[in-house]
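The structures come next, written out as structure tokens.
Consider the two complexes below, in which chain A is the common component and chain B and chain C are the respective partners.
== the complex of A and B ==
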């Protein structure tokens, strides 16, 4: 697995997609940090980009990557190496490559413009750590889709639907429910809803550390009370990790049972 | 004709007699110097304490208090006197009751340091109080660590100027107001610096007054708190970083001009909280970095003109019980939400000729006005007015999408709530 990881990782670092992804994010975050009036505004703008684009890119490229490895898989399956180490190695390599691209694309401008998140280390940790986890989550989902759906076209559309659902559809549903049940106290249900969607969770976690947290009023206060505690931090980390582990386990299960 | 002939000699009489009347009654005028004398107070003087001096002083006397610390409480000034601190003498209450209460007219207190008036949950004890007094003058004093600093009641015509006031900080329950005026009239509060009190400046039932050039910052609750005080004006003040900003309630014919409301940031903070205000004017103020620039409830016929709203969460939140207000020539820049309004039905407020940084219109006839109206109430902000929990979705892409749709097909905000002649915002960099 280690060898597969090394091989795939170095191979990926030279791929045009990763370079383009890195370049795009670098240019974007450079621009944002250069022109934002404050660190808080910069992180707000960057957050919007990350929660929209990182899931999309990971989902699409992850699916594509797995489909394109078909020949490689068939070749390797003839060798004395299990399916699980092979594909897990690929997954880790892809995660590491995209994660590294993201890390550098965000980190270089921060270092260049001296934005240490306004001295807020927690904001930095939540933003970068959460961003990385988002990459892993959507890559895991992408692999799961690719291994379950044989037809590439259907695979891609499934991936897109997953992205649309988590980024737009889920929030629409939450909004609808909030409107429907507006007569009831909704702080806790909304909080739970935010915990269940990794994109929302990352958004809320970062938002809590920005100036705009004050705009959230009463809802924000109850959020702050939860995310401010040690328990809240562990629960949200757990929720994000569950979103990696669950699809990965499913993926491995499907992988071992798949009839190539 | 006849009437005027009779009146003129009478008016003349009063005019001539006036100085005499005044000198006899109050010793207010300068001429009768034989009555007024200067008493020196200090450890090296004949009169050792302020209490002794107040006991022997006659109306119109000047008490010159020399440097030193005077441990005192419960002093009463019941004659028209001038208390003049030389080299900032300190009146120290050592955590006990009130320091000095003025019950006479025409008292002038200047150049003192008032310290350490203790907390009381029963009485509003203050470093310097005045009750039933006309034309009191309090200037250039320093107030340190007092429960209430200046407390006026049932008085009129006082001048409170250039005092430097620091409160207890701490919790608002165990903290009094910096300048507290209750049932007064025609007061002037000018050039004071108030910090660390519950309310920096508090006016209740205090009409026709002037609050100008003050700086209120870091107060626990409001920088300025203003209730049932008709016909007052506050101008050129700075309210910064106070717990919940400035509150103005249940008053009419108020003028608020050239003030700055800065950095009142927090989940329940406002630059300016207006409630039940009528026939008033709000002009040329700057609202910068407040959670809510102006919160408006029950406002009628108020004219907002030439104000600047910069980088606030909400520039203006209007509740639908506000009617016939006019917003003209204001500038909105960098606010998360420009205007929120909590009804989709009725609106009688008028926006015209404001400049909005989010305006994306054009000006074909070059009259300096945009040709298509600007709708300042975003779907986002109306949604959040109706469903505060939806704020959890702030900055989500779903809401961005909805906003875009609302811009094309408005449904939630009343149609009349729009600026049909928006100005173009000044170009960046100019």
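== the complex of A and C ==
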């Protein structure tokens, strides 16, 4: 697996997509930090861009990458190497390459502007750490889709639907339920609902560290009460890790049974 | 004797379509076996099952006595040349060779297939190679690690005539070195040049005929006697109760 990771990572570092991804986020982050009135406003704007675009890029590129690797898989599966080390090595290489591009593209402007504008280290860690985990989550989902759906067009569409559901659809559903049951105390169910969606979880974790958390009122306070504790931090981290582990295990299970 | 390839009762279906139905096959050491069949007869499925790319429903496949379902380690005996090779496009040929070499724990032997002249473009990235160059690297990767068995999936289908002649010379050299070859093809010229046995896939079963027998045509003056004999074998209905 180490060798596969090494060579695939090296291949990806030279790919145009990774360079474009790095360039896009670098330019976006620089622009946001340069023109935002405060660090808090900049983090808020950057958060919206990251939770919208990073999952989309990972989901679509991850699916395409796996489909495009079919010939490589066929050739490598004929070597004395198992399917799991090969594909896990590829997954880690892709996650590391996209994660590194994201880390550098967002980290450089943050270091340059964020701190001087009053950003704190915990916020930076939550923002970047959560962003990196989002990369792993959506790439795991992308690989699961690509191994499950034989037809590329259908796989591509499924990936888009997953992204739309987790980024927009889920929020719309939660909001509709909150409005329908507005007479009831909904803090705990909403908190549980946040834990079930990695995008919302990242959004809430970052917002809790920004000034704008005060605007959330009573809900914000109850969120702060949970996510501000050690238990809350561990539960959030566990939920995000489960979003990586569960699709990855399903992917590996399907991979070992798939006809190539 | 431990056979290079031994297949017993192999069954494989895709959904409701049964492709291989209790197929048995033996490949003796140092022989060249050509797999023939109409489109969809299961040639690629058979090869993919031997390589472990497809998982059969029932039956056993053994490579030098090792079951293919047990561990991927048996593939150290096999060199595989797919019809359309593909590698991460930003890796150089040198890096690709290193990757495969480290996976197999064997260094490539450049003298073994010197005529492929792979050294000339070791520094080039995969995406910059032409189709012909890719096929050369593909052939090199199958042969350079000195495997005992070569499995070739329609190896000359995308080669120009000159490259095809060179490639067939290499295959003949491998045969003379005592390698066991299993290949699928539609090209009867390839078969005539190197094959010892022909395996006709009909109704999910393999019917093996020696090349010698195929050439013993009752009408040896007919220049198309071999082609006609092959065509008859491909269309012949399966024996009753088979």
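Here is the rule we use: the second predicted complex is superposed on the first by the 256 of 260 C-alpha atoms of A that agree within 3 Å, B and C clash if a C-alpha of one lies under 4 Å from a C-alpha of the other, contacts with A are read in each partner's own complex, and residues count from 1 in each chain.
In this text, contacts are C-beta pairs under 8 Å (C-beta built on N, C-alpha and C of every residue); 3 or more make two chains touch, one makes a residue touch a chain.
What you see is a predicted model, and the numbers here were worked out from it, not measured in a lab.
With the two structures aligned on chain A, chain B fits next to chain C without clashing. Using the contact criterion defined above for the overlaid structures, shared-chain residue A:204 touches chain B, although it does not reach chain C. Look at A:74: by the touch rule set out above, it reaches chain C but stays clear of chain B. In the superposed pair of complexes, A:36 makes contact with neither chain B nor chain C. Taking the C-alpha centre of chain A as the apex, the lines running to the C-alpha centres of chain B and chain C meet at 170 degrees, rounded to a multiple of 10.
Contacts of A:233 after superposition: neither chain B nor chain C is touched. Once the two complexes are overlaid on the shared chain, A:260 sits against chain C while remaining clear of chain B. Taking chain B and chain C in turn and counting the residues of chain A each one touches, the greater count comes from B. When the shared chain is aligned, no partner comes close enough to touch A:148: not chain B, not chain C. For the three-chain overlay built from the shared chain A, the minimum Cα spacing from chain B to chain C equals 35 Å. Comparing the two complexes, no residue of chain A contacts chain B in one case and chain C in the other.
Considering their complex, residues 37, 44, 47-48, 51-52, 167-168, 171-172, 174-175, 178-179, 182, 186-187, 190-191, 193-194, 200, 203-204, 207, 211-212, 214-221, 223 of chain A touch chain B. Touching chain A in their complex are the following residues of chain B: 265-269, 291, 311, 313-314, 334, 336, 383, 386-401. Taken in their complex, chain A has these residues touching chain C: 3-4, 7-8, 10-12, 14-15, 68-72, 74-82, 257, 259-260. Note for the complex: chain C touches chain A at residues 14, 48, 51-55, 72-76, 78, 80, 82, 84-91, 95, 98-100, 102-104, 141, 151.
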